[in-house]
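Next come two complexes, and both contain chain A; in the first it sits with chain B, in the second with chain C.
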Partner chain A sequence: MKAAETLAIPVGALLAAMALFGLFVAVLGHNPLEVYALIYRGAFASAFSWQNTLARAAPLVLTALCVALPAQAGLMVIGGEGALVLGGLTAALVGHSLASATPLAAQLAMAAAAMLAGAAWIALAGALRHWRGVNETISSLLLTYIAIAIFNHLVEGPLKDPASLNKPSTTPLPEALMIGKLFGLDVHWGLGFGVIACLLLYVLVSHTTWGFALRIVGGNVRAARLAGLPVGALVLLACAIGGAAAGLAGMVEVAAVHGSANASLIAGYGYGGILIAFIARQNPLAILPVSVLVGGLAASGGMLQRRLDLPDATVLVFQGLAFVSILASEALYGRLRVFQPRAQAEPAA
Partner chain B sequence: MTEGMGSMDRRQMLKALGAAGVVGALGARRAWAADKLVIGVIYVGPRDDYGYNQAQAQAAAAIKKMPGVTVVEQEKVPETTDVQKTMGSMIEQDGATLLFPTSFGYFDPHILKMAEKYPKVRFAHCGGLWTEGKHPKNAGSYFGYIDECQYLNGVVAGHASKSKKLGFIAAKPIPQVLRNINAFTLGARAVDPKITTTLIFTGDWSLPVKEAEAANSLIDQGVDVVTCHVDSPKVIVETAERRGIYVCGYHADQATLAPKGYLTGAEWNWLTPYTMHVKDAQAGKPLVNFLRGGLKEGFVKPSAYGKAVGEGARKKADAVKAQMLKGDFVIFKGPIKDNTSKTVIDQGVAQKQTDVVLEQMGYLVEGVIGKV
Partner chain C sequence: MTGLGWWGVPLAVLAGAVRVSTPFLFVSLGECITEKSGRINLGLEGTLVMGAMVGYAASYGTGNPWVGVLAAGAAGFALGLLHGMLCTLPRVNDIAVGIGLMLFGTGLAFFLGKAYVQPKAPMLPGIPLGFWSDAQAVRAALQVNPLFLLGLALAVALAWAFRTTRWGLVVRMVGDSSDAARAMGYGVGTVRTLATACGGLLAGVGGSFLSLYYPGSWSEGLSSGQGLMAVALVIFAGWNPIRCFWAALLFGGAGALGPALQSVGVTWGYYLFNAAPYVVTLGIMIATCSPRRTLTGAPAELSITR
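After this line comes the complex of A and B, so read on.
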């Protein structure tokens, strides 16, 4: 019954958002059915559109984990963007300095370094919260600005490849270090890493004592303290794991897409992940379908622009509606009669 | 809400839906005409940004009117795999065979990858990055010598300034931007060698809050003419107008944003390269890989003079413009010193627009207050 409820409420909220969006496009003078059809065509109708959708979902899976993991400990971290850019920068540096190592060793070192950088960055926000009582939502956001400033300073200054004149970048990675596509798909390995990370973290959060302890911290920190749980360590670790996921996303952007660290890395994936984590209600497993949905929307957003001359903001309107209706639907949990066990629904007088 | 209102709303809605259905279906079919040349234009920001993207969108809007052409557009596409997928969608789903991916950062690696994957599609990129022997033949770049218009901006600004202090708000210290700052300053100092240009770098292409802060801070320091090189000059032009100083535009025409203080501006005229590429594609001629020009070739143009531009300024600027149109004017002609008093161009050396040395510019000329 509970599983049906957790599925039905978000799906219902999404349907409500779709209906509202239909109304919105109708007011703009477009046929909602045609708009829905175009969204489907752009996102899911062919092998090409599926790859388009998955490619757009790939970076968001990892950055969503940067929100979902700290959320288990009751922290609202929104600074994944900072962890991503620093992860990307670290990966580019490590890759460049290990150019003579075997590709696999160099790639592993790049991934490890990027994850460490991201982990340290978000753990910083966790530490500020735990020991200094600084609000982690604000601090992680501000840390992102600092990360981007550090990134820009280094990429445009000491670490700049002198050959990159009008687009300052770090020295390009050797071709051998680039990570390829996923099994013949036109989607890079970021998606594979994301799926693995979601599965692992789902097990960790939902099926281990460590995850249970983490959720107690998130549910009631005083109870956790009374129970003797190491609250500080749990908070820091949750932040570090989340940051590591975002850092890995940065490494993938460098090693699978750009080949060097430059300003194109600052594309807002860190912020995109926040939306996904919230729609997924911070559940690592649910992040996967939600990312595909949001990736699909982004893919079909182009179709709406090209076919109907709708502005890019149209898709943002849909995302916003979905976000608001999912958040609003939180209030429905435990209140819909259909989903209540009979004994509880009609308590004995 | 009353019952009657509700039903009326419903009826109107149904009517609107029906009408929209017809229009929508027609629209969709039009985009499908197979005998037409389908052209895809991709922007990194909004099409109506009063700046970089709007300059491209104006050209796209104009080529839409050419016979046998269908244009599909997509805005706010980041320089990530997103743009590869957007190019792919235009090719696979819309049948586009000529693409204008307009952001500088789209070229490497995105356009290069797609050009390899789709050898029959033409990719015309805005910037100056295509290199013979290194990059695919079905890709190319078009760009304009907009420093010519920045020099004219400088001449007009030099006449308008009373404090002899000009301001320049720039995104990043890269050669293209430095060339504009230097041309603007050289133009102003040709009017009065006492003039200085105070320079502020914001650090990125689109940071409206920082740009407004920079404009205010320049004005507080006594600057009375400001110009810029950022993606959208909108907030800078508006701030200048509100604070009652003069402003020179960039990328597109911003005169409507500052009816009192807008002097002139350095505008792109992308219609020239767009038309060339479209005609070549229609005629089946190979893509011109390297396409560049200035005022003379019609790749750039100055905005119409504003009300505040006096007779003397018009005369002087028009005279320089006439020389540029003939191709006799060299902006970077020695002796030129940088702002640390080091000679960067020797006496007797004239670096013409096509000179590749200019593309590696790493200095600020004498009179610019600021550092790279």
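After this line comes the complex of A and C, so read on.
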């Protein structure tokens, strides 16, 4: 019954959002069914649209983990965007300095450096929370702005490729260092990293003593202290792992999509990840399907624009409606008669 | 800068700060009201963009920019009301809903605003406080926008209202102890919802400044994140409306410093100057927080200070 409830409520909320969105486009003179059909075609109908969808889902999976992991320890981190941006910048830097190394070694070094940068950035928010009592939500938001400023300063200043006139970028990575496609698929390895990270972290959080300790900290810090758990280390590690995931997302965006660090990195993946983590109820496994859905929505924007001449912001409206509706449906848990155990639903006789 | 020489630089920074700070001022006053009641609204970025679009469209449609300002306020009020009502539901997280509404607001504004990228709407007039001077630069710098003065008056009025009126007391009580408020018979959810809606109204007005005065047109890249920054600004200001005014000037001035220095040949560190307010805010938080004590002046019910 519990499983049915956790599935039925978000799906119901999504259907409600679809109905609202249908009303919205109908008022504007479009046939809602046609719009839905186009969204489906743009997102999931062909191999090409699947590829587009999955490529957009990849960074979202990783930035969502940056929220979900600290959330296990009771922290609400919203600074994934900063970790992603710094991760991308570090990856671009390391890629250049290792241009003569073998591609695999250079790529591994890029990924490691990006993860380290992201981990340090979010762990800083965790450390400030634990030792100075600074709220991690605000500090991670501030750190995001600081990260973006550092990024802009370096990309438009000391690290700027003189050849990039209109769009300041770092020097493009050599072709050999770009991340390839997954076997047999036309999707880059970023998705593979995301899937592996989700599976690993799911096992870590739900099936190890370390994960159990982490969840105790998230549930009740005082109980965790009394039980002798190393609260500070656990909080710091959860933040670092989350930050590493977001940093890796930056590396993937640089080494598989853009080819250099530039302003395209600051695309709001960090904020998208926050919402995905909330909809997935901070469960690493649930992040995967939710990210694919959101990535599919984003991918279908072009189709709506070409076929119906709707602005590309149309999918943003739908996304916003869906997010808000699913977040609000949180209030329904434990309140729907159908999902309650029999004994409670029937009057005492 | 003829006839003024180096005096032109501080004048330019001041004028720039006044101009850039107005949206900061309105958004931060709005966020201040919301946070005083014990909730945080991260969706003000969407409200700001929505206000900019609605204000521009209404000004274009009616030919009167002040109708645009009112319409922007109404749109902001509606978005704030939505946030407030959703967060009154049990177990709904105000931060997540805020980010969801940020997406929704910007998406809706981009969608509906597509038609208004081209046409030219009537702008808000400036108030020429530099009439006494013959120098063109002084006149240009002292061309103050009416919304800035309105915001200043509002900051003073809000500070007074929080301190001395019953309404202000109720909002503060709801923000500091919902149990006390409930015991006194006030509806906590209602007060917070109204406070969030009023905050949204101010953010909407702040948005109309962007499209109706400076930069003075509607486009998708209009806002540079002023709505999200408001959260940092309110903390920086210690939840005090008067200090919100000074903080907005400072944040605006930090943004104006880069271009002003560029005009005298200093091009280094443009973006770092922009980030200075965040570094300072973070520094203040690190210096004044401790595991045992939160920020002074923070509403006790606020989720971000616990």
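The working rule: the second predicted complex is superposed on the first by the 339 of 349 C-alpha atoms of A that agree within 3 Å, B and C clash if a C-alpha of one lies under 4 Å from a C-alpha of the other, contacts with A are read in each partner's own complex, and residues count from 1 in each chain.
Everything below uses one rule, namely that a contact is a pair of C-beta atoms (placed from the backbone, for glycine too) under 8 Å apart; a residue touches a chain by one contact, two chains touch by 3 or more.
Model, not experiment: these values are computed from the prediction.
Taken together in the superposed arrangement on chain A, chain B and chain C clash. In the superposed model, A:Ala71 makes contact with neither chain B nor chain C. Once the two complexes are overlaid on the shared chain, A:Ile179 sits clear of chain B and of chain C alike.
Residue contacts after overlaying the shared chain place A:Glu156 against chain B and chain C alike. Of the two partner chains, chain B is the only one that A:Ser264 touches; chain C does not reach it. Of the two partner chains placed around the shared chain by superposition, chain B and chain C are both touched by A:Pro311.
It is stretch 256-264 of chain C, out of 58-66, 256-264 or 292-300, that runs into chain B when the two complexes are superposed. On chain A, the surface patch touched by chain B in one complex and by chain C in the other comprises residues 149, 152, 156, 311. Remark: chain C residues 42, 46, 82, 86, 89-93, 95-97, 99-111, 114, 220, 225, 228-229, 231-232, 235, 268-272, 274-275, 278-279, 281-282, 285-286, 289-294, 303-306 touch chain A in the complex. Residue ranges of chain A in contact with chain B, taken from their complex: 26-27, 29-34, 41-42, 48-49, 51-52, 55-56, 58-59, 149, 152, 156, 165-168, 186, 188, 253, 257-259, 262-264, 267-269, 298-299, 302-303, 305-309, 311-312.
Note for the complex: chain B touches chain A at residues 13, 16-17, 19-21, 23-25, 27-28, 31, 40, 46, 72-82, 84-86, 88-90, 92-94, 104-105, 108-109, 127-128, 172-176, 203-204, 359-360.
Across the complex, chain C is touched by residues 76, 78, 128, 130-135, 137-139, 141-143, 145-146, 148-150, 152-153, 156-157, 271, 274-275, 278, 311, 313-321, 323-324, 327-328, 330-331, 333 of chain A.
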